[in-house]
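What follows is a set of structures for review.
Shared between the two complexes below is subunit A, which has subunit B as its partner in the first and subunit C in the second.
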Partner chain A sequence: MASVALSEAEKVYIVHGVQEDLRVDGRGCEDYRCVEVETDVVSNTSGSARVKLGHTDILVGVKAEMGTPKLERPNEGYLEFFVDCSANATPEFEGRGGDDLGTEIANTLYRIFNNKSSVDLKSLCISPREHCWVLYVDVLLLECGGNLFDAISIAVKAALFNTRIPRVRVLEDEEGSKDIELSDDPYDCIRLSVENVPCIVTLCKIGYRHVVDATLQEEACSLASLLVSVTSKGVVTCMRKVGKGSLDPESIFEMMETGKRMGKVLHTSLQSVLQKEESLGPKRQKVGFLG
Partner chain B sequence: MALEMRLPVARKPLSESLGREAKKHLVVPGDTITTDTGFMRGHGTYMGEEKLIASVAGSVERVNKLICVKALKTRYNGEVGDIVVGRITERRRSAEDELAMRGFLQEGDLISAEVQAVFSDGAVSLHTRSLKYGKLGQGVLVQVSPSLVKRQKTHFHDLPCGASLILGNNGFIWIYPTSEHKDEDAGGFTANLEPVSLADREVISRLRNCIVSLVTQRIMLYDTSILYCYEASLPHQIKDILKPEIMEEIVIETRQRLLEQEG
Partner chain C sequence: MAGLELLSDQGYRVDGRRAGELRKIQARMGVFAQADGSAYIEQGNTKALAVVYGPHEIRGSRARALPDRALVNCQYSSATFSTGERKRRPHGDRKSCEMGLQLRQTFEAAILTQLHPRSQIDIYVQVLQADGGTYAACVNAATLAVLDAGIPMRDFVCACSAGFVDGTALADLSHVEEAAGGPQLALALLPASGQIALLEMDARLHEDHLEHVLEAAAQAAQGVHTLLDRVVRQHVREASILLGD
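So, the complex of A and B:
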């Protein structure tokens, strides 16, 4: 993870502040920074989203391509994740420096989506054992300002909401050979249901309290963090501990409860923003990257 | 517990919100400023083929016969006598150094110092030969562009609201609680690690958010502008200051007060 150097006195200041529920930028322990979400920013993808959380900037693009289903799941399509930590984000990612973090984030994404209910994979099947939709989800880290996992999971959910997969029909010939026909109307597409797509809430343990949405400085003061993946109904799909320090089982329970609460709020806010954006229609003014 | 999600809003061009009539003359490196040879060249310009060419990207400033280009965003260029706040990233590894300095300064520590000399390659040499310089204790560091820190007589300010500032010329701004006892026998190399009171913390967090808002709106930073911004932000909660609409409101009020004070 990108890190900043801090002096001992600065760390002490941050830790004492968290314990008094007043962080450096005036937030409480359970406050997020202002989040900006925009979808459909990349035109040649099936779906895309950009999320800005303080100084963290994430761009996600989803491309739907046809492929063969996996052998053990012949009736389902699947998702492939790739995370690119670009050198734009921080000089530490120069060359191959960002690869470790990239694979860590991609593995976490695979884990949280590795259950039956997150995405309806059966709807991605075209013909069993032969053709299915494969969704390649590419995450690009533009700027790293702390709390990467939360921002990435919000962006992935928004991009999947925005994804439009072309409707196809399988035609069978007299000889039995199958042909796949794409619909003529470019707007005739299927959308994914993202109701059960989980979001990650990262809780960093600082001192004897935990905070959500830590900045880079706060992450440098925290020895252990808990990543909780929560669905909109408050169900925890996966949990992971990161960091060198240890966590008391009591605090793990407390942090998980906080994670569930924050997760539900995160989902309702994201849902309302996505609905609002959709209601503005195709004529909405896109801000994009030069706004 | 608060979480706010919103759709992004396109930024308005700055000149609209400022209400300036004359547009600034913006140049990029290589642009011709003027073909009139009667002008003296200032910073950011050079003479080539009978015309004045810009060497940095910025706005052209003209004072009588002197033309210079003020860069909008630069790397810090050291001048002798500048106050800087810096973080120790690397140190010389020699035996004397180990014995003497490691007790006082570690890697990652913040210090305030003055520029003693500038080398031809741009490197600066610093000194802390005064009791007011030295290691910095508890507080908050804000990193801004060096071009936004106004050059003043003094860069150490004790604000009436209860916190103190060091406005480093290199763009590193240090906000710390004003300590009650000012006797610095140790010469400022031992840090006080006792918890800072909640009231002081609120002042420091508010100042930090005010500085961040001023920087977003490209206002020059000096003690008066920061103080006016602090006073304008008092009706709002500290964490709300960073919301775009409240930030704009506070900065417009600050700008008005600064214009009234000048004119």
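So, the complex of A and C:
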């Protein structure tokens, strides 16, 4: 991951500030930076979103392709995650340099989506055991300014919200051979319900306190952090400790509570932004990277 | 080409352009704060980002350092969702490596590398959406990014592709026109001097026609230059207003 070099004095300044509930950029311990979300930025995908959280910049594209259901789940489609840490973010990611971090993030995404409630996978099935939709969720990391996991999970949720899968029908003739027919109307498509898609809240332990949405500098001062993936109802679907330090059990419970509280707020505001953008319809002026 | 008419009798192309017409170009410099230079360009539906780091010390093995000039290091990658069919790998495949090498060749010809001996300049380009002319879009984005980083160059590098259909040279091919499989030419031009930094042609083309196609590509590249120049001037004007003088 992109790293910053901090002197001892700078670290002390950050740690003492956090203890007084005042961070370097003027936020309190439970404040997020301003999040910018835009959906439908790449037109040849089924759904896409770009999220900017401080200096962290994420682009997610979802492509729906037809595949065969997995043997153990014959009447469900599935999601595939791939994270590309591009060299744009930092020269360290050149060549195969970003693969480790990419795999780590992709595995975390697999884990937080690994429960029945997050996405209705049954709606992705076309004909049991034969055809289903496979959603390839591809995350592109463009700039790295701390708190990657939260930004990526917000972008994935926004992209899934934006995803439109063409409606298909299975026609069966007398001999039993099946034919898949695509709807003529390009606007006739199915949408995914993203109500239960979780978002990750990362809590960084700095000194005796924990902060949400840490910047790169704050991440450099923290020894350990806790990833909590929370749904809009405040249900925790996954939890993971990351970082090289250790955490005591009591603080884990404290952090979990904060995570749940922050997660609910995050979901509410994300949902309202997405709805607002949706209501503008196709007339919306697209900003993308030009704004 | 069966079924699809690339050039109508009235002289219009599939997307309604004339033979020598460019697609709409929109660009922006200084997209990212952390990189030394960055730029984003849209040419029709082709979208590319370029980021420049450097000049800085050589990373990795010191043996690669050049005693008399800077090392230009390029990486081309294209997002897995950028093409119609999903790609499995964003970079590291044969096409990306080749593109990286071509970019490197192009920019070694344009950057005044002798001003920064024993150092390295990284140029990373990322295609977000591919609709024909990805090489050209990458070069144009990278030029803006290098300018944004303040690295001295001989001149702009402006690139454009051209093709040849029914006896007419077409400038700035879209994906549909590329996929039709006719001859294709990629040209990178140093517009002030008219020198060519990179020239590549695929497929068969009669020698007599080459001049026309080359002329069409060069003219389109000059057009690109006019637009990029405008973007740079606008950016500098905005930056100087922000600085307060």
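Going forward, the second predicted complex is superposed on the first by the 291 of 291 C-alpha atoms of A that agree within 3 Å, B and C clash if a C-alpha of one lies under 4 Å from a C-alpha of the other, contacts with A are read in each partner's own complex, and residues count from 1 in each chain.
By our rule, contacts are C-beta pairs under 8 Å (C-beta built on N, C-alpha and C of every residue); 3 or more make two chains touch, one makes a residue touch a chain.
Values in this document were obtained by computation on a predicted structure and should not be read as measured data.
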Q: Quick one: classify A:249 as touching subunit B (first), subunit C (second), both or neither.
A: neither
Q. Is A:82 touching the first partner subunit B, the second partner subunit C, both, or neither of them?
A. second
Q: Would you sort A:289 into first (subunit B), second (subunit C), both or neither based on which partner it touches?
A: second
**Q.** Touching partner for A:143 - first (subunit B), second (subunit C), both, neither
**A.** second
Q) Which holds for A:186: it touches subunit B only (first), subunit C only (second), both, or neither? A) neither
Q: For A:61, select first, second, both or neither according to whether it touches subunit B, subunit C, the two together, or no partner.
A: second
Q.
For A:261 in the superposed arrangement: first (subunit B), second (subunit C), both or neither?
A. first
Q) Hey, which residues of subunit C end up touching subunit A in the complex? A) 26, 28, 31-35, 38, 40, 42, 45, 47, 49, 51, 53, 59, 73, 75, 77, 79-84, 86, 90-92, 122, 124, 126, 128-129, 131
Q | Residues of subunit A touching subunit C in the complex | A | 2, 42-45, 48, 55, 57, 59, 61-63, 65, 82, 84, 86-88, 90-91, 94-96, 136, 138, 140, 142-145, 288-290
Q: Please give the residue numbers of subunit B that touch subunit A in the complex, ascending.
A: 1-11, 87, 89, 106-110, 136-141, 191-193, 195-196, 198, 201-202, 205-206, 208-209, 237-239, 241-244
Q | Sites on subunit A touched by subunit B in the complex | A | 5-10, 12-13, 16-17, 20, 22-28, 30-38, 52, 261-262, 265-266, 269-270, 272-273, 276-277, 285, 287, 291
